[in-house]
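One chain, chain A, appears in both complexes that follow, with chain B as partner in the first and chain C in the second.
Showing the complex of A and B:
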């Protein structure tokens, strides 16, 4: 290569063809990343759309969540919770309506702090967003806005088919502090609906699978209607076969109407008890 | 002196029936006192041993990173060990452990246990502790590999895991992410006390790596001192030494102070110098309350024994008034008679104390055959589920000295008072 250059440079005549080839090759190399960059931008944009379907930054959000927890060998239990979110301020309030024994328990998230309120002792305790929600397979962090595009870097995107849906399989990784699952796979449709996710530990152990088969249209927005969560580690051996613990969340009565400021306060949870 | 002793012994044998009740009351009283003291000391020793095995030291330096959810991590291990060396502590052993605290869970066939304490240890360094555990399954091997996990019996029961099973450990890293590792159960410890309720041990390097700490970092330095009693004062000394180099939490004297110090907000890693009595203050408080209660009981028993002895001995002296009067009448000097009777009393109390000690040993032995591990929360005071009495020579001597001193003094006063009555009064049988 160096020899060719030394030969070509002084004369210019006979070596014009190789120079042109080299120039064109360089041009191709320079232009090649453009489609790749465009593709990456589209992948990122799709991920942002997926976040937007789970985040309500321009209005408050409230809904009733019916959470059915199925523990193999121990049967099912149902929890009904009223969820109030104000994602633009990163706050939420959750009040447990059922079962009767837990009625009045509440959660109040204000930024990085999450309080859990116990009406029996009339006490607030700090808990973590990584903790299980009411001993189900949902985590407290599942009730807040989605920040996949912010938290994860895209390692790969593969067009795929999930059931009858055309989707893109995202391989995501994160080194960010506070991101519970450092490895994630997400099946996302082109319009930004997350159909399924698999959460992995840092060592690549599958921790849980989440499927969102149904979305509902509310005020022109798509919001999840049913969410299935399957815990990969928790479960029981039934007849010699491992049966996973699972949780089904059904979102009913969704609303984007403004929620009074007072709802996002400790006194609200205390008043609910009375 | 020998003659006096012989006469006293002869007199005791002659009046044995009269003295029998005094002897029985004193022996049983002293046995009860001894059993109480030995059981209290044994329970305290069991609790201290359990705490020592659990925390691995009398004094600890712990680092806590508030931004990482108060995770225990010593970011500056060299400065900490240098401070320990400079402080002049009488270090008998220094152990370093990684501690995942409650940021870890174990899973096996769908069952899970959220651990309260997951310790990363150097099994070879801690052989002296691990060889002292009571193992239900498996046994200690200082060469345990990096996949080893040692779990307590309550954890094994909840997981339904046995030695050889592969279980999944889930740990939260310093950054708050989840990581997992498959480990092999190598041993199951019998500890079902509050310490062992949700506890597991694994190889330190494996846990350090899982928690995303640097290889040289650890969570806590445990220092073994000659005695736990000096630990609080050494903790103050060490705290002062650390404060010159690193951000510290200040002197911590009580569990409440520790709790509120942990609740504070700070940036980066803050260092805590904590003694074992602070860590186990609930147990220490309980033991102090037990000791106080046992002392009150001892005083009451002492009073009962004293009352019974005085009443009985008064009758004995009354019965022997003529004999005492006759001895004085035939020319025995009063001091000599007092000395003879006092020697009798001293021998009597001595025999009672010896008999009481033998009875106490029998009672302790019988108590150690019974299982008390069905009492919730009582396991911490037991060794292998049994009450173990501890007859400390100093305590036995103290109890004997108290009984000899109190009862002996009162009896001597009664003897002196009787002997100093007039001879005609004594011959008439008057002692009061």
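Showing the complex of A and C:
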């Protein structure tokens, strides 16, 4: 080994021995994955930042969601819901405030179990997080904390531009049965804001596109201000062109104030003034 | 110079307006216009893209929440008018044809007109965040009956104890098919003049514990008012308790109920959700016939028979056990349900609020519910069979909701097996074991 080094040291020119070439090749092989690994770590860290921006583990979160549903050919309807989240316990409660006819309907989710209270039958039924929320394009799973880094594996990350925003385009896949969509593309800024997602079925069919073009600052945290959801499959032909169903969610009255424990209970939903 | 300055000023004033017009054009005013979602990222967004929502930053929006008060969203939940009046209606018109005997056993054809009219009125009073009172009434044709379905007071103590007093609907069922655990609504075996619903006079205390909690109730069923309409005697009251433990893995109920003249019953029921689309549930019940000496006489076959409620008990102690599953597919559009129940009780099997009573022996149920995506169609199928008593039914149903408030139903009913059982409990007006009904329903709430 020492001999080889002594021979190589003065040469410095093109006449490298096979041993030197092998050494350099080995060095390249050893060093090349390092930037790749660092890049992967940065990608994962950015995804975790995106999760953190949508997850409120250190406090309760509550807000009023104005959900405007546009169904081509059938018009526009508005649902107003009060949303209460306690992400550290993976719980949320949702109470329908408008329309008046649906007032008092409620959802209570803990872990994988989502109860919906039927005030007419006076009983709780179990429903799925994958199901549509109040017949809108939102899913019940849209109201809980984000767990992209936990649920999905990163297939690819590409720097890109989305309108005025520099972003990273994430190709994500999941084999977990609990996720609503097994394939997802997400445009995420470097500071962890999710700007847009495309959700696909396992067969690769685009199911819906979601855009969060603006965020609002509340108590030093960024929370979505408006969420646009375009259903890729549902819609109608209007004047010769296909118009998709869409839902626009506006988040108002956001707060990180503590929510009373009783709000996250079945008895709370039972006694709501309808 | 001044003209140039005026032009510059005009341009300065008009530019934001032009920009705003461009931005508003990105989010269509009509549901029939498409939305280019990528264009949302080209500009700063206007405050009210849909035109129907309060804008963040408006008085409705709280970007710097006050401290020491309830969260604004919770205030909104509690902020209701002190007096509210709500109405609901349901009008059904249809035609039904059927057979007087089960399919394949002959019988004569019998046709019926289907007419049902119902209107309801709710008066809701909110005296304070702690106290509210509800009164719900409905009038029905063809019974010409005015019925008070709810007259109750709800009172909260320190957001920790919740009291209810009055006539109110309460449901302890776990199963969608066999209301085994709805023990507070069991009836003695006296003949009924009319079906009853869940409403019952109660005093109830609920103490939330975690997501679930403890529920204690004192109940009076109207059949125990002797004579009807009078204040109940203390020994005619029923006493029940239920504890609900709900965690991310298990939703568990343990409860019991005692009323003089009825068997004492205790139950355990639970459910769990697997992989978000499979729900498993189970229920078990033990009942002990409380035969009072002055009520009871022994028959020659060794069975005990009571005069009040005609209880016939071959065993003082009975057990029931069952399990079922609900599996959803296609984002919840398709739901399958299957259930088995062994029911050990031979008496007191009517349950208020349920179309069919419980039947002794082995019971099977299967249900399919499919909402066809992108259409107003919904297909449902219900099947029950009890091989112990050889009784069952099969009811397929197609529902169409073509317009708001209007529902069309095509319902086939096939009841089979022995003459009693489900055939006797058949909700068809003429008890026809086979029928096909087409009905239009207009309903709504205001």
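Everything below uses one rule, namely that the second predicted complex is superposed on the first by the 256 of 274 C-alpha atoms of A that agree within 3 Å, B and C clash if a C-alpha of one lies under 4 Å from a C-alpha of the other, contacts with A are read in each partner's own complex, and residues count from 1 in each chain.
Operating definition for what follows: a contact is a pair of C-beta atoms (placed from the backbone, for glycine too) under 8 Å apart; a residue touches a chain by one contact, two chains touch by 3 or more.
Since we're looking at a predicted model, the values are computed, not measured.
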Superposed partners chain B and chain C on chain A - clash or fit: clash
Chain B versus chain C as contact partner of A:90, first or second or both or neither: second
Partner chain in contact with A:205 - chain B first, chain C second, else both or neither: first
First (chain B), second (chain C), both or neither touched by A:66: second
Which of chain B and chain C A:254 touches, first, second, both or neither: second
Contacts of A:234 with chain B and chain C, given as first, second, both or neither: both
First, second, both or neither for A:44, with chain B first and chain C second: neither
Partner chain in contact with A:154 - chain B first, chain C second, else both or neither: neither
Chain A residues touched by each partner, larger count belonging to chain B or chain C: C
Touched partner set for A:52, first chain B, second chain C, both or neither: neither
Contacts of A:177 with chain B and chain C, given as first, second, both or neither: both
Region of chain B that runs into chain C when the structures are aligned on their shared chain, from 8-16, 80-88, 98-106 or 296-304: 98-106
Footprint overlap on chain A, comparing chain B with chain C: 72, 128, 130, 177-178, 233-234, 243-244
Of all residues in chain C, those that touch chain A in their complex: 27-28, 30-35, 37-45, 49-50, 52-58, 60-65, 67, 69-74, 76-78, 80, 86, 124, 126, 132, 154, 156, 159-160, 162, 169-171, 173, 198, 206, 208, 210-213, 244, 246-249, 251, 271-277, 279, 326, 328, 331-332, 373-374, 444-446
Residues on chain A engaged by chain C in the complex (per definition of touch): 60, 62-64, 66, 68, 70-76, 78, 82-84, 90-91, 95, 97, 100-101, 108, 110-115, 121-123, 126-132, 139, 162-165, 177-178, 195-196, 209, 211, 213-214, 216-219, 225-226, 228, 230, 233-234, 238-239, 241, 243-244, 246, 248, 250-268, 270-274
In the complex with chain B, residue positions of chain A that touch it: 72, 128, 130, 174-182, 201-203, 205, 207, 233-237, 242-245
Chain A contact footprint on chain B (complex, rising order): 68-69, 107, 109-112, 168, 170, 172-173, 175-181
